[in-house]
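Everything below concerns the one structure shown next.
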Amino acid sequence: MNIVARLAWRNLWRHRRRTWLTVGAMVFSNTLLVFMISMQFGMYDLMIDNTLKVFTGHMQVQAPGYKDDQKMRQTVPDIVPLAGRLRAEFPTEKIAARGWAFALASSEERSYGVGIFGVEPEYEPQVSSIPGLIAEGRYLQQSDAPEIVIGAVLARNLRVGIGDELTLLGSGRDGSFAAAVATVVGIFESGVPDVDRSFAQMPIVAFQDVFFMEGAGHQVVISAPTLEEAERILPDIDAALPSDEGLVMHDWDALQPGLKQAIKADMSSAFFMYGILVVLVAFSVLNTQLMSVLERTHEFGIVMSLGLKPGQLGRLVMLETAMLGLIGFVLGAIGGVIVTSYFSANGLSIPGMEEMAANFNLPPRIYFQATPWTMAIGPFVVFVFTLLAAVYPALRLHKLHPVEAMRVN
Amino acid sequence: MRMLPVLTRLAWRYLWRNHRRTIIMVSAISVGVWSMIFMTALSRGMVDQVIEDGVSALPGHVQVHNPKFLDDPSVVNRIPIGDAELSRAFSSTDFKAWASRVRVPAVIASEYESRGVTLLGIDPVAEREFGYLSYDDVEGRFLEDADDNGIVIGRKLADKLETRVGKRVVLMSQDPDNEIADRGFRIVGLFDAEVPAFEEGNVFIGKRTAQKMLHIGDTTTEIVFLGDNYRDIEPTYDKVLASIDGSLDVSRWSEVATYLGSMLTVMDGFVLIFMVVIFLALSFGLVNTLVMAVFERVREIGLMLALGMKPSNILGQIIIESMLLLLVGLVIGNLLAVATIHPLRGGIDISVVAEGMEMMGAASVLYPRLYVSDMILANVIVLFLGFLASLSPAWRASRYEPVEAITKVG
Amino acid sequence: MTAVRCVDLCKTYRQGDEDIKALDHVSIDIEEAGFVCLSAPSGGGKTTLLNAIGGLDMPDSGEVWVADRRIDQMSKGELAELRLSSIGFVFQAYNLIPVLTARENIEFVMQVQGVPAKQRAEQSLAILEEVGLSGLEDRRPAEMSGGQQQRVAVARAIVSRPALVLADEPTANLDSKTSDELMTLFTELNRHHNTTFVIATHDQRVMRYAKRLVRMLDGRIVDDIAQDAA
């Protein structure tokens, strides 16, 4: 250590309590920032994942306008062969075709309106979590059997079990009356009441028969191994679509526009709080460094009368602050890493939050996202603001005149 | 107590001896307090709106159902008491507003499309008070009475069904014998709602028309009551409990929509945690300031002790100094909060994230809500925790030995 | 009655490896209405003895009695009470509270004692006049000369008419005229109010006013003579 650095280091420890309190403010904020940012991004990941994996997938091929209107007529023609061709061309992606219609489902005792998905039984499990959530019976097997799987709440409301028959009444693609009878072969339970109450799935070929789809469907769902991979491959798949039918490709953000915005809204309120924390730490540092400059006025006066320039003293103050900030950074980051790695391994559950969590498609336990970025960004910003806070005290040194400075005390 | 004026004067003078430090600390406290109140007002605004919209989307602060209805919302599980009897039972009571209605799931079909909806068979006159829809803003007209033969649906639903005022739609549901009950209606009105799900999911027909269609005589599926406001419904709840057949299920809105109820609780917890966290961030600076303030006048503290001041007076003096510092910060912070929230009372346009807010059940304009109770909470937290934080430096100050303090070099 | 009685006081400071005996078996009785000058070379133990008498510092051994009460075993609270009610202090340095004006400094003790505001005002203005500081009542210590500050400290020590005044170099910063005036004031208080004075000083002129002159050297009393006051 050169003499200036040694001087700065010694000065820092003239008031141990003050230095530790200032460092304490940094460590508190840094730990908290790391904790919150990791939790936040862990939560966003889960929100995206959970929302997309239920039905939406990472992207979908649809007829233009279908995304907003969901009309029966807005179809993708020859959807099963199309899905098959895409599967062959993009073997790494999970691809499945679907149709969707609305119908009144009646059992012996009850009638309820439900959304009915026509799905490819062999590929649907790859793009949706629903087939994996069968609680009773089995999932669909053949693509043309008159079978149906329904949600647990719906089954309870309709008072049907495995093997019972449901009558479906709705309108077909051309608006004509559509009716069919299907046997309940499976009951799924996702735990999200809305999902369990309002959906049913049947094999796509049977679906096309019932609703006069003539081979068409409404969406080709595509799931990539990761979100990043999805973004990368989207243009390729888009280019592989038949050019004459005007089909459109939507990414997950277009399909679930609420998701990104909900995240954005949440982020802006979170960052408001982070901002306040950082500002408060900066005040703390400003206070400490200004005190430390003012109480050394006499001393600085002597050194300046010996020929040191205010700029050199200013650098000394900045160096002290940087050391202070560095201690805060390191200790805070360590604290943050400990907390975060605990929660990214064990998860955090907030009592009373389960219901809220379910509403946002979150599991009751949140696992933190521990990446270098989520761990470093908070402490880094605090460090920068720490340095900024020392600028004013450092600049004050320029106002110091040796004689006046020495007269103090 | 006699000492209070002396100590306060000393504390105040000392506070401004090092005015730069005090100003910095006051700024920090003000910013902290401002952020506590401001942030709370915004969050409250959002959550209140979600809850209010949620409450108005299932109108009625207190609701009465057949005990089986909430789990199995079928016309089979209706309330076995007819309207005639209800009117007689409630004619002598003084509820702010009450109504019985038919609410069952149904399917609506135009010539092109069909969708699942909630069918609401209502008496528009009795339900006007509930205020979930402004009848006058409906395109076309709203239902006129319980015998109205028309149907009023949301604009979004009409778009999806490719239909409009004057066109016909078919409504399908089930009657108590599980026969499909269907009936054609002419659309007489289209309504708009803040919350899209409400606009898409509900259709209104006359109550007696619904009863005829579903073959249920003069019975209904729910009876709803309005309290003074959604936070204060206990009196109404008690009155309903007392005046209704014991075999029926009486629930508060927070029980029907448990999600909304728990949101209120979670919000209260969040506000508290947020405030405490901000205070903790502040507390380091506060303690630091006090430690410095004590450190630089050890000698004077020694002098006061030597002159016959008791250690408890020194303790009191430092605590008063801390309280004064906090008070100045609080006053500025509170004023700042009011000054920044007041201009925003007309609402903050957050339509950039409208669909995200919709996902959370909120609308695209955010109205901050400044509750006096939240302001008080922020101030109490700062003063109380600030008091605790000053105990240690104040205690140390009062422990000095007069001679050592006086002869202290430095 | 004796105003102050010290019995066999010892006080040792450790300074590095060597022990400094600031008080070395000091015994002294000071009668009521006594006027004692303590003189010793610098480091002789004057301040240490005054502090022991004032209950500010505990001797290592020995007894201290003030107004026939043994104080070296009193609690801090009792000591504070005693100082407040019956002892006036003038310290060698750092006498005044810097955030208070001259008058507020003088009234400080009375205020702690609970004297009503009107009486405080009268007494403080009167005493300011007596020490020759009329017109300076609203100055803060930083705005006064060393001698003026010293006089404010003296005024504070005597304003509430304590039975015992302990003054450590009260004239250190004063010219001969003002220090004579101050000593005259002390003498009058001593005569009319029977106030006991113990004054530590190097100043020959101050010693002239004393009824009794006590010389110390290296923590021991080496000389104790009665004299006719000037």
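The chains carry the letters A, B and C, assigned in the order they are written, with residues numbered from 1 in each.
The definition used in the following text is that a contact is a pair of C-beta atoms (placed from the backbone, for glycine too) under 8 Å apart; a residue touches a chain by one contact, two chains touch by 3 or more.
These numbers were taken from a predicted model, which means no experiment stands behind them.
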| item | value |
| --- | --- |
| Graph class of chain-chain contacts, one of line, ring, star, complete, other | line |
| Most distant chain from chain C by Cα centroid | A |
| Closest chain to global C-alpha mean, per-chain Cα centroids | B |
| Computed distance of Cα centres, chain C from chain A, in Å | 74 |
| Whole-Å separation of chain centres (CA-atom averages), chain A against chain B | 26 |
| Distance from the mean Cα position of chain C to that of chain B, given in whole angstrom | 67 |
| Residues of chain B defined as touching chain C within the complex | 2-3, 6, 9-10, 13-14, 17, 299-300, 303-311, 313, 401-403, 406 |
| Footprint of chain A on chain B - complex, ascending | 18, 20-21, 24-25, 27-28, 31-32, 35, 39, 42-43, 71-74, 76, 105-107, 109, 111-117, 159-160, 162, 172-174, 178, 180, 258-259, 262-263, 265-266, 269, 274, 277-278, 280-282, 284-285, 287-289, 291-292, 295-296, 350, 352-360 |
| Residues on chain A engaged by chain B in the complex (per definition of touch) | 15, 17-18, 21-22, 24-25, 28-29, 32, 69-73, 102-104, 106-115, 156-157, 169-171, 175, 198, 257-265, 268-269, 272-273, 276-277, 279-281, 283-284, 286-288, 290-291, 294-295, 352-353, 355-356, 359-360 |
| Residue numbers on chain C that touch chain B, as the complex places them | 51, 54, 56-57, 76-77, 80-85, 87, 89, 91, 94-100, 104, 108-109, 111-114, 156 |
